[in-house]
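Below you'll find the structures, each written out as structure tokens.
Each of the next two complexes has chain A plus one more chain, namely chain B in the first and chain C in the second.
Up next, the complex of A and B:
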């Protein structure tokens, strides 16, 4: 599995740390259910999934990677900072 | 049809014409008391214990493929009860006791081999942790002993005792642990459940779960609708998709765990041995192949195959522990779909929907749990109360944060186990 980092180009999976599903962080005062959903519950699809990967051995960017969990095909890669994942204010 | 030595002899002398199929291939009925979704080890064991312990025989096991075609046929066959935390400790203890009586109970040769497991340690900290875990295992009523370096030199002289980074100082051993023939476990439970009247229905994918007024009333399947008073999930890595049919979202990510087998070799590894440098575990099958594996690949996957970095890591661990086998050739590798929970421990509980039960989140520990899981799940389904050995596998522990069982102490969140 190779991921094309928008800044560094195509790199081996070993350069990246996997965080998990790319979810929008609830705001600080949100209730327990919102945090439970964010921290624990997962749609866990067998198919395309938006994920967060960290280019640990490269440019240290967080990436939003769309990947097919059934085939491991990388469908799209975007800088997380440009993907609106900064969290609710 | 009962199996015995005498029967094998008689069949051998009469052309093996008397063997019959081990179970029926029935058409699904229109209604059952209990429908179990998933014909793997846990689903089949649950059906068996429902019939045997609770007298509930109007039961169907629905399997989308063939019986035992999922994780019960894709693991490294290790059986053990060397857990530390309350909750896991008593459950795996219960499970190991059932393993010990399983073959007689099922009249089926599961090739249960109590060859013992040895968890190696490499430094003082790991030794302290091993002693503490060993004491916990003894307290739960099972066996554990600390082996010295000299003990290990006698028992497993092929180990790399003087590795510069990971010298072997000793090991924690559980002699009652070992391995079992994984397929035979599924087949044994299938046959025994079938003999007690359970319908095992293969090629019958569940496509919907019918819920009316907050209560489950049946399932839609590839072979038509089936009404049911109770529906029990036992779908392992596919639990998330099955639960979604009932509108539920589970605290589960499905990950891939790879396993490997070498070519057949002369007997050398007499036990199950784990290397504490990483997560490597090896045993030798009766055919002589080294059966081994290590970590998850650590990304969500349903592909049932992994990537090469984890293959490389596992091979490095293997030859670091047993350099003598560095020339052994790898025969094959495969991946299983692991239903990972945030704290690395399973869920056996009611769902928020009346009559719908959950048995999932087995992470990479499902095989050794097979008889225990079937036994306690059947108890929950039959009585609506948790079995005494499984009171802590609650679904709501993740929401409340109370009763999390983080066996590895790495933190109770996804992607850390």
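Up next, the complex of A and C:
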């Protein structure tokens, strides 16, 4: 499995650290249900899934990687900082 | 006051030569991480050019020359190797002294690429990885920086605490490549 880092280029999977689903963080002041969903609830699709990967052995960027969980095909990669995952005030 | 004796990271481990390939320790001098402040990339590049005569390196590239280099060192970061950074750079970037933090070695000779091919999951052959190219990558589970400094020469860096492992892994790969003839 290889992931094309937007900065470093195509790299072997061993250079990356896997975190989990890439979810949009609830805005400040969202209710408990939104946070419960964000923190605890996960889809487990046999197919494309947005995930966070860390280019630990490379440029140290967090990436949003769309991976087919059934085939491990990498469908899209972008910098997490440009993926609109929230965290802004 | 006690007179402290500086000990280089690979002291007592290098140099070694196996077959036609040599592994030696580099003494790069000062090493400072340059991390531009937000929106200050261009200004930092100008200051670096003015003070040290080299451009801020693009991703996967190194600028300067032996004794005075800037090596791309990760996202929005370069490592200045050689000179102490000019005070002007501090206006545009966070400067961190890493001089004693890294083991720096030079692998040189015909077949150096074959040695690294056993340890690094990136294509470092000369038609793809040319002089002035650099990568942050893995070298046998260690976070490494690999830069081509000559037609058959590489600069390899890992954390200082891993110097012994680095030398061991490189020597093992050098022996294996040489044994194949």
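Convention: the second predicted complex is superposed on the first by the 86 of 89 C-alpha atoms of A that agree within 3 Å, B and C clash if a C-alpha of one lies under 4 Å from a C-alpha of the other, contacts with A are read in each partner's own complex, and residues count from 1 in each chain.
Here, a residue touches a chain if its C-beta (ideal position, glycine included) is under 8 Å from a C-beta of that chain, and two chains touch if they have at least 3 such contacts.
All figures in this text were calculated on a predicted structure; none of them were measured in a lab.
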Practice task
Compare chain B and chain C by how many residues of chain A each one touches, and report the one with more.
Solution key: B
Practice task
Would you sort A:40 into first (chain B), second (chain C), both or neither based on which partner it touches?
Solution key: first
Exercise for the section: Considering only the touch criterion stated at the top, classify A:51 as touching first (chain B), second (chain C), both, or neither. Expected result: first
Practice task
Mind working out whether A:72 is in touch with chain B, chain C, both or neither, as first, second, both or neither?
Solution key: first
Practice task
Kindly classify A:14 by the partners it touches after superposition: chain B alone (first), chain C alone (second), both, or neither?
Solution key: both
Exercise for the section: Once the two structures are superposed, pull the chain A residues common to the chain B and chain C interfaces. Expected result: 12, 14
Practice task
Using the touch definition up top, name the residues of chain A that touch chain C in the complex.
Solution key: 7-9, 11-12, 14-15, 56-61
Problem - Touch list for chain B against partner chain A, complex - result: 238, 240-241, 244, 249-254, 298-303, 307, 309, 342, 398-399, 413-415
Exercise for the section: Spell out the residues on chain A that touch chain B in their complex, using ranges where they run on. Expected result: 1, 12-14, 18-21, 32-33, 36-37, 39-46, 49, 51, 67, 69-72
Practice task
Note which residues of chain C are touching chain A in the complex, please.
Solution key: 59-60, 74-75, 121-122, 135-138, 143-144
